[in-house]
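In the part that follows, the structures are each spelled out as structure tokens.
In the two complexes below, subunit A is the common chain; its partner is subunit B in one and subunit C in the other.
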Partner chain A sequence: MATETPLEGDVGRRRKQAVKEKLLLRDLALRHRLGILGVGLLALLPLLAQPRELNQFTYVLYLMMFAISWDVVSGYTGQLSFGHAFFFALGGYGTSVTVNQHLVPLLDGLGVTLGPVGTTVVILAGIVGGTLVAALGGVLIGVPALRLEGPYLSLVTLIAPLLLYQSFIIFGEELPVLAPNGLGGTSGLLNEPPSFVGIGTNAAVTVDQLWVDAVARYYISFLALLIVLAVTYGVTRSAAGSVFTAIREDEDAVQSVGLNPAKFKIFAFVLSAAVGGFAAAVWMHAGPNAYPNTENLFGPGRIDLSINVIVVAVIGGMGTIVGSLVGALFFAFADSVIGAFVPELKPLPTFLLGMVALTFLPRGVVPEATRFGRRLLAWRRGEVDSLVERDRTSAAKRTVDRYREEIEEIIGGEGR
Partner chain B sequence: MSAEPETGARADRERSYGPDDGILVADDLRKEFGGLVAVDDLSFAVQEQEILGFIGPNGAGKSTTFNCVTGTYPPTDGTVYFKGEDVTGIPAHDMVKEGMSRTFQEFAPLEDRPVVKNVELALAPDELFTLSGMGGETEQLAREICRRVGLGEVMDQTPSELPHAGMLKLELGRAIATQPDVMLVDEPFAGLSADEVQELTEVMESLRQHGMTLIVVDHNMRGLLNLIDRAFVIQFGSKIAEGTPEEITDDPEVQEAYLGGEEI
Partner chain C sequence: MVLGEIATATVTAIFLSALYAIIAIGFTLIFGVGGILNFAHGAFITVGMFAGFLATSDAFLIALPIWAGLLAGTAAGALIGAVTYLGIIRYVRDRPVTILILTFVIGFFIIYAIRIGARDVFGVNDPLAIPVPQVMGTAFLNDVYIFVTSWLLIGLLFYFVNYTRTGRAIIAVSQSDKGAALVGIDAEKINLITWTVAGAFAGYAGVLLAGAFGNGSWLMSIQPPAPLILSFAIVILGGLGSIKGSIAGAYIIGFAETFTVNFVPGGEQLAGVSSLVLLVVFLLVKPEGLFGRGAGE
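And now, the complex of A and B:
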């Protein structure tokens, strides 16, 4: 190499050491401690809630995962997706079809009776299948994303779930080879996939009390959330994360330092799709109201869920991962308040909430709170705050700005 | 094109180069934009650890030549050899991995992160799953590079806070961070004061001492005299002269090219 580096030798070893130290949570920043505290509180929630409330809250965990899925690709790389339900539906239907139309009939044919362990294994295989199907969907959207400008890509993401929806109807009775018993049309797959834990017979572990069922579902879902957090945190906090955000800023700059933007873009799509598909797949076996139907996986109006995850991620803070957790809490709270008072207006008020957040807290709650916290700490130390936090425009604003530029380019805006 | 027998005029104009004539070789490089010939069958070879001045009036095709060499645009015709291999038309990011990096005339720093993080991006491996960035050692290296190019005091600022010279240093720092063997520097001295030119000259000289090969573009030779070993002058996409800085300034064709304009 032409340039000498001041870091010869066992960089790899030191790197592992540093990661280990981080994992031991030594000298962690305040916001990280608060984050861990928050996740800890989530873990304790079942101690406080009634079964019915708990079930509602379990759904919020899925909302968190769905929003994280959106954030990975849209929040980090700035490629706005308006149809993330595409991936959720692939994951949810993927596992249901894998289990009920392939694995169970196959094992039945072989004369195998499944005990608790066997059923669990079948369910896990289904989740893997659903995740893979969704990841494949990620490739399907990610590859055109390489050639399309932002607004055109958004159009593709908008149409993809609608096409999928239509295909559920077209192949309602039968999809040769892939889904021999069909995709169930608008009413969804009536044949529910088995649960990990449930009250009826269609479960790996049968329980007889409502609250045990609710608590078990909560913790399985919570475990899924931890997995999603670990994976997405790992990727976005590694160098790949800074490449993602650099793509959001300027693809040419990324290319000019020897990084292949195409590779990272596809990866972001596949990771996002896999995360969303995984969450939906787990939902089908552990969530509350776990029916594989279009209303659940696309939302009642076909696009509601896709829009909701955007609202959640934007409220919490785009490009942060943890923002999705906080955003989902806000969203669920607002949603239940609205549901209690003016249910007929749904889902408009929650969309409105997203717009309000964009206007007044464009960075989102988490980055805004971090900034505030830093100022406070600096003030307590007696520092002048200008040095502590420089005003950097938010991910949301930068993404929207770039998007507007691209639209202007497409329609030949005179402003250029 | 290359198979065609050499006519007198062509043999007179340029000689053909092969892959081993230098660390970076362009042979009959051509770039057309519609009807406009921006680079007109240009051939040149750069030797290892050389500092070559690439000079020509505005619009002569210098940046376009760079864009074709580094894979930003595919050339219309001709061949680029790098380290003895044909690298014509490979993507820009692969070219960087081969060991060639460049700076841009129009800066495009990432505004969402501080200067040091801009440099750090250039240190990121082109891999999807990596522990890199977790341990903080790339940041340490990025800081070291910032110090070397004279950004030590300002590396925690955002690029928009940098003065013009600072932006240039950032471009240089990002290019250096990719650990290139050959670096193409596009118009580094435009708009700099004499002191700043001197500072950058020293940075580039020290890079050469560490084994790097440099091509420095400028529209005249003023800032380059102390830096370059050899100059290569183009106009309308073709070579008009080649030689030591002294030979060039005395060359009648060069003087004519600059007639009425600025001094060479």
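And now, the complex of A and C:
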């Protein structure tokens, strides 16, 4: 048995066994239990909050999803995207246009009146449409990403939302076939897409109380977050996730073991785009302030949402998925504290927070906390004597290491 | 008649390109020496524009003439370049991914600070239209002024880089900082000088750009003609880190843009977009640029 290679024996059975073992709650590491506890607390939040606060917090859920979307491609594969709002806008506009300019007129033309179920189906179809449009956008960005690296790719991703913004203006009145009523220019689409649950008539389920509306919106958004979390967590913790990380570290190494980095890069981009587009699409039907306009989907300065997403992911820890959740909480906390005291300074303090995190805590809160937690546990078991990590390597080893690094730098031939 | 139109377009293109060249040079310098693609470049340009506005408006006691505005813009650009390097970039120089994100965030931090400053402190009604006067009375003379100073500054920069000790030290550091260190060059100091000079160019360009286009805006770095993206386009087109290449790139982009706007049907809507498209195409087809990254002159 001991000599069995991974490809010998009953692979299917062992794979099932491994998955089962992974899913056993009692064997979970402490940090995973804490994570589950955190998600559970998020689910209970509506018990505590007022409707208005809850609406603010619902937005944070979307921020989390957006940051996860960024993290999948930029945190894992290291392909930095500076314009992730491109995908959000595609998703948000995608669903709004699909529902309001295609499905509803079509069904009206057929003389169908939509009940609650019908509207829900139409909305779901719209979300699927928005996600697909965003995924197509992911292909559009992912293919150039194969030829470009580092800052050049970041530049293309920065240009993409700007071009999209321009095209919203150019096709403001009409985009033939795709959007018969146009994309609305700078003010966005004035026709709000129907909500799952809402107070007005433009919803699948009409409610008459503010708090019911807020709670329903919260849980629909929370469900979307769970879906996003499950998908991205599953992918990044699978073998594909390891390949993503390997691409970030060394693309040649990935090629040398016979894996095609191009395939994985496109996959990462499409996954990221689909997740971002899905989140934005759900937002349009279930989120607070669900207006499909440029201010929501690009940010008031056309690019702020893209930056905020980066700041959130960086604070939480790039390449962790979970970091995005924690980062969004930090971000929202900072944002609301600032909003209470010096609202006119927005968004400077949150950008500053991102800059400080990048300079002094480049690995992010979650990885640092994990490291500290491990240290704490080891200390309790008596394996280390102090909580603060000390550099225990000898002076000679440090010197040798430094020289080796220098030599590798010189003979590496990588250029800069 | 067509000939006449082409001639007019050519003249416009030459003037526009001269402006673009100034915009891109600071960006090239920083890349050539430190290997850093500075996403905060657009913000430096905006800072220059804003300093020019402050000097020429009556925000402080008296409204100074535009000459003082140019000076103020250049100085403010140099200052912000130096501060960015000394305050932040210096500490993270060996972490390329961090630097990339940092310059990006710094850039937008600065332009948001300008927006808040313009709106809340100096009472500008519309931070998207901050008035900055032209240097010369008429548009034509203004263009001529930009053209002449553009080439003058480029000439001075060439002289500085190729014939002064500091300039040669800059080349040395750009070729190899280890080699430069061996012959006693303090790379730290050279980097600081580069960032300062680059900032000064950016600030100067900011005032000219705002003047030539009627007014400045806190979002000018990404609004057409989007100097941030423009400088990327120019520098990538010309080859990274080569000053000569950047000048060539500036003229190619300037001509491409003017001719698209003038001769392609519906071209007005494409102003500012055509260079982006050109850039994306170029990135995909010939990413190493026209002149490539040879000596970092």
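A few remarks follow.
Keep in mind that, in the parts below, the second predicted complex is superposed on the first by the 375 of 416 C-alpha atoms of A that agree within 3 Å, B and C clash if a C-alpha of one lies under 4 Å from a C-alpha of the other, contacts with A are read in each partner's own complex, and residues count from 1 in each chain.
In the analysis below, contacts are C-beta pairs under 8 Å (C-beta built on N, C-alpha and C of every residue); 3 or more make two chains touch, one makes a residue touch a chain.
Treat the numbers as computed from the prediction; the structure is a model and nothing was measured.
Legend: residue contacts after superposition of the two complexes on their common chain; A:V314 is shown touching subunit C, with no touch to subunit B.
When the shared chain is aligned, subunit B comes close enough to touch A:V254, but subunit C does not. Looking at the shared chain after the overlay, A:L42 reaches neither subunit B nor subunit C.
Touching subunit A in their complex are the following residues of subunit B: 91-94, 96-97, 99, 101-102, 104, 108-114, 117, 120-138, 140-141, 144, 157-158, 174, 176-181, 207, 210-213. Across the complex, subunit A meets subunit B through its residues 1-7, 11-12, 14-19, 22, 235, 237-243, 245-246, 248-250, 252-261, 263-264, 267, 390, 392-393, 395, 398.
Only residues 78, 80, 82, 144, 147-148, 150-152, 154-156, 158-159, 162-163, 166, 170, 301-304, 307, 310-311, 314, 344-345, 347-348, 351-352, 354-355, 358-359, 362, 410, 416 of subunit A touch subunit C when the two sit together in their complex. The part of subunit C that touches subunit A in the complex is made up of residues 35, 37, 39, 88, 91-92, 95-98, 100-102, 104-106, 108-109, 111-113, 115-116, 120, 178, 219, 222, 226, 229, 232, 236, 269, 272-273, 276, 279-280, 283-284, 287.
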